[in-house]
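Two complexes come next, and they have one chain in common, subunit A, joined by subunit B in the first and subunit C in the second.
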Partner chain A sequence: MNGLFSLGSLGNIDFSFFNWLLVRDFLLQGLLFSLALTAIASIGGLLLGTLLAIARLSQRRWLSALSAGYVNGMRSIPLVMVILWFFLLIPLIIGQPIGANGSAVITFTAFEAAYFAEIMRAGIQSVSPGQRAAALALGLTPTQSLRRVELPQAIRNMLPVLLTQTIILFQDTSLVYAIGAYDLLKGFDTAGKNFNRPVEAFLLAALLYFVISFSLSSCVRRLHARCSQSGSQSLSLTHGTSP
Partner chain B sequence: MTFEWQVLLQDTGAGERYLDWLLSAWGWTLAVSACAWVLACACGALIGVLRTLPGWWRSLGTLWVEGFRNIPLLVQLFLWYHVLPALMPALRELSGFMLVVLALGLFTSARVAEQVRAGIESLPRGQRLAAQALGLRLPQVYRHVLLPQALRLALPPLTSEAMSIIKNSSVAFAVSVSELTLFAMQAQEETSRGVEIYLAVTALYVISAFVINRLLLTLEQRLRLPGATA
Partner chain C sequence: MIELRHVGKTYTTPTGPLPVLIDCSTSVARGEVVVVCGPSGSGKSTLIKCINGLEPFQQGEILVDGISVGDPATNLPRLRARIGMVFQHFELFPHLSVTANLMLAQQQVLGRSAEAARERALALLQRVDLYAHRDKHPAQLSGGQQQRVAIARALCMDPIAMLFDEPTSALDPEMIGEVLDVMVQLAHDGMTMICVTHEMGFARKVAQRVVFMDGGRIVEDAASEQFFGQPASARAQQFLSRILR
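Our next item is the complex of A and B:
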């Protein structure tokens, strides 16, 4: 044992194996899959989540209960278990094997829908009831009022939260490791094994995830600051009763 | 489809039934979560305080929070398991269990720190000023005036962190700690009765989260700050 930090082992760190060929052969495919998974799951999850939120707020008891059951169920199970469940069940249901990547896309869309549903529910409830009353008084049908008046405001009010959830989603995609899908982390893992440089590979993986997540969350923060500055007037219009 | 729950009574080949393995895996999940939660609360309170101090203390707190928040938990776990022991030989003595506790605890500490900071910042400025006017030094201001109020304000979010920790402890499968998720993966492979195994594991996760939620809600009601609306 030679101290807390041994300079000898620090000296063994060697990034020279890292070059364009490695990026092309191991990382690019994984990075593209992680980004595609994030994009598909966030768009699909937002659509499905909005439907779930509308169902949750519906007057029909059974519809509301069904949506609540789905959302609370998904949110109380670890994501890794949800990934394993879907990987096990989808082939049983459709009767043929499905690749890890395909399974991951379906899983993340279904899982994120539950989280986006809660955000959208808060968003719809943040629009003052007067908006709906006015829309109905103008002769819009309830569906039109929802689509043209309430949802656009709900999405705008919730934009920072939705984007933050998408960054969390991007980080969570690394969990597809559990079923062996080839994502960004798996790319670094494979490269590290092939070149016998796992330490450097995982350090670079952490750095890349940090750079992507940090720059995205800085953008969200700036957007949030701009919204709350310029939005103060429109906010006081949408929240008629806010102090 | 028919369920064959007898699968849990089968022998694993190591002289125990799958049921015994399941229960010991549950124990590991709870142990990892409990230790990580204690670590997260201790570190999180400290870092949360740093984030409200002036000067470079605040920068240190910000660095901590941004670092642990912007790297996926699984990647952090690999850093603890594969990278840090290679750089710091002292860490090689630690078991996989300890490394998971460190990874999960420090990951969660960043989120706890944000709740504690929000708690401190939500207190009226007069609390701090009055304490200083009474002649208390800064550590005393925090110990006797700010923290007793802020920590109680931060309790409800800490409850939801405790439930997240149980869910997040499932990443321990990746470094072969024998907790519920690793049990699910291995037992599913060995018995081919995935549905029964997964149902049992999922039920235990839900029960754990529910019980902890109830316990902490009771604690919350006992410690509630009189007059606080949050």
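Our next item is the complex of A and C:
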């Protein structure tokens, strides 16, 4: 073992400090927060992003411009800066401190909404205009058409992209270190400092982020493949049932 | 029942105004079947889309059962719910099963219960002979089957009139018959119908009147025997000789 890492400071690599107690005491809380933050921000961001996308596609020019301004603004600022600014600004706006975790949830929801908005806009535009015409012709209102006909198809068309964005979001949650929230990376960081093994801790952190993100994106790839496969399947069925 | 008075529609394009409908007037009585035909780009589809307000128009007036379509005060969704429409490309909702396609507007627009909507849906699927396919998704059906589902979907709303926008133009030739059969049956049942179609056999068989359009105008509006026997305008004669050969 020692011979393998005999070059330079790498010779001192030692993972023996890593055990179940460390996971329980340092990592579990951080992992749960990272996952919760990802879940809340992706669901909240998808809802807010869908509203932004609808506003962006609205005939009312002021509404469309407002949405475009928000989306383009958010997408032009580095996430770390947004995290810091929200952390400083939200207490000023609501008049009381909300802590790093609450601030992180609000920031990520608001930030991801901008990205989900662009995905949903493409999704809504991917639904043929004839679908809306058919829904309206049946007497559905434009809102009902969106909700019952266009959005379900938009989400289905965009599902792989939405999930990929969620994986990116999971990785980005590590940026909450900037405001001192206790996430998965912070857990590794703290453990590394405690045992004086920062290099090993960060190596393990990278490994865990890789395993989680890679297995999730493998799932997305499989889902994508299954979607396009079932698409071609129904296509062949079309020919099969032709009289 | 349906009355068009001097309907005009103009698109504004970068190169100037482009009239697509010019002074179109006609009327369709209850139970009447009217076929609209004419060369492509003559404004046929635009005209019937004006009838249920899917296309806005600037001049004239359209009355459906006494209600003005162009009046901003008109509740368009409520009016559209009473007029069935069938599209060239079927436009079934691909994320819903066949039965769910037929139930959606009944529940959302008419406020029918799920059971009542399902019952009506299945009865109409039986009528278009697709009951066996009730749980499939649209993509699993042939074009002809999809169009029959689309007709059933429109009929679920118990419409007072049906608009057909080239219902067989996107179909393979061997599937046109099954869709026309459903339409003929509907006409015999007394449905008020306006059909944009090139199927002159269908027009001859069930249409009381033929409206011939060219260049955004209604050039000829005649009883169908008269139209097929002796079209008055040179354009209609030319069109007929080309399409019937």
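Please note the rule applied: the second predicted complex is superposed on the first by the 220 of 243 C-alpha atoms of A that agree within 3 Å, B and C clash if a C-alpha of one lies under 4 Å from a C-alpha of the other, contacts with A are read in each partner's own complex, and residues count from 1 in each chain.
We take it that contacts are C-beta pairs under 8 Å (C-beta built on N, C-alpha and C of every residue); 3 or more make two chains touch, one makes a residue touch a chain.
These figures come from a predicted structure and were not determined experimentally.
J.: In the overlaid three-chain picture, which partner chain does A:F195 touch, first (subunit B) or second (subunit C), both, or neither?
T.: neither
J.: Looking at A:S174, would you say it contacts subunit B, subunit C, both, or neither? Reply first, second, both or neither.
T.: A:S174 contacts subunit B only, not subunit C.
J.: Pick one for A:P152: touches subunit B only (first), subunit C only (second), both, or neither.
T.: It touches subunit C, and subunit B stays clear.
J.: Looking at A:Q131, would you say it contacts subunit B, subunit C, both, or neither? Reply first, second, both or neither.
T.: second
J.: Contacts for A:F18 in the overlay, against subunit B (first) and subunit C (second): which applies, first, second, both or neither?
T.: neither
J.: Check whether A:T141 is in contact with subunit B, with subunit C, with both or with neither, and answer first, second, both or neither.
T.: second
J.: For subunit A, what residues appear in both contact lists, the one with subunit B and the one with subunit C?
T.: None.
J.: So in the complex, the part of subunit B that touches subunit A is made up of which residues?
T.: Counting only subunit B, the residues touching subunit A are 66-67, 69-76, 78-79, 82-83, 86-90, 163, 166-171, 173-174, 181, 184-185, 188, 194-195, 198, 201-202, 205-206, 209-210.
J.: Please output the residues of subunit C touching subunit A within their complex, sorted ascending.
T.: 52, 54, 76-78, 80-85, 87, 89, 91-95, 104-105, 108-110, 137, 139-142, 144-145, 150, 153-154, 157, 172, 174-175, 178
J.: Which of the residues in subunit A end up touching subunit B in this complex?
T.: Touching subunit B: residues 1-2, 4-6, 9-10, 12-13, 76-81, 84-85, 88-89, 171-172, 174-175, 177-178, 185, 198-199, 202-203, 205-206, 209-210, 213-214, 217 of subunit A.
J.: So in the complex, the part of subunit A that touches subunit C is made up of which residues?
T.: 128, 130-131, 133-141, 144, 148-149, 152-153, 156, 231, 234-235, 237-238, 241-243
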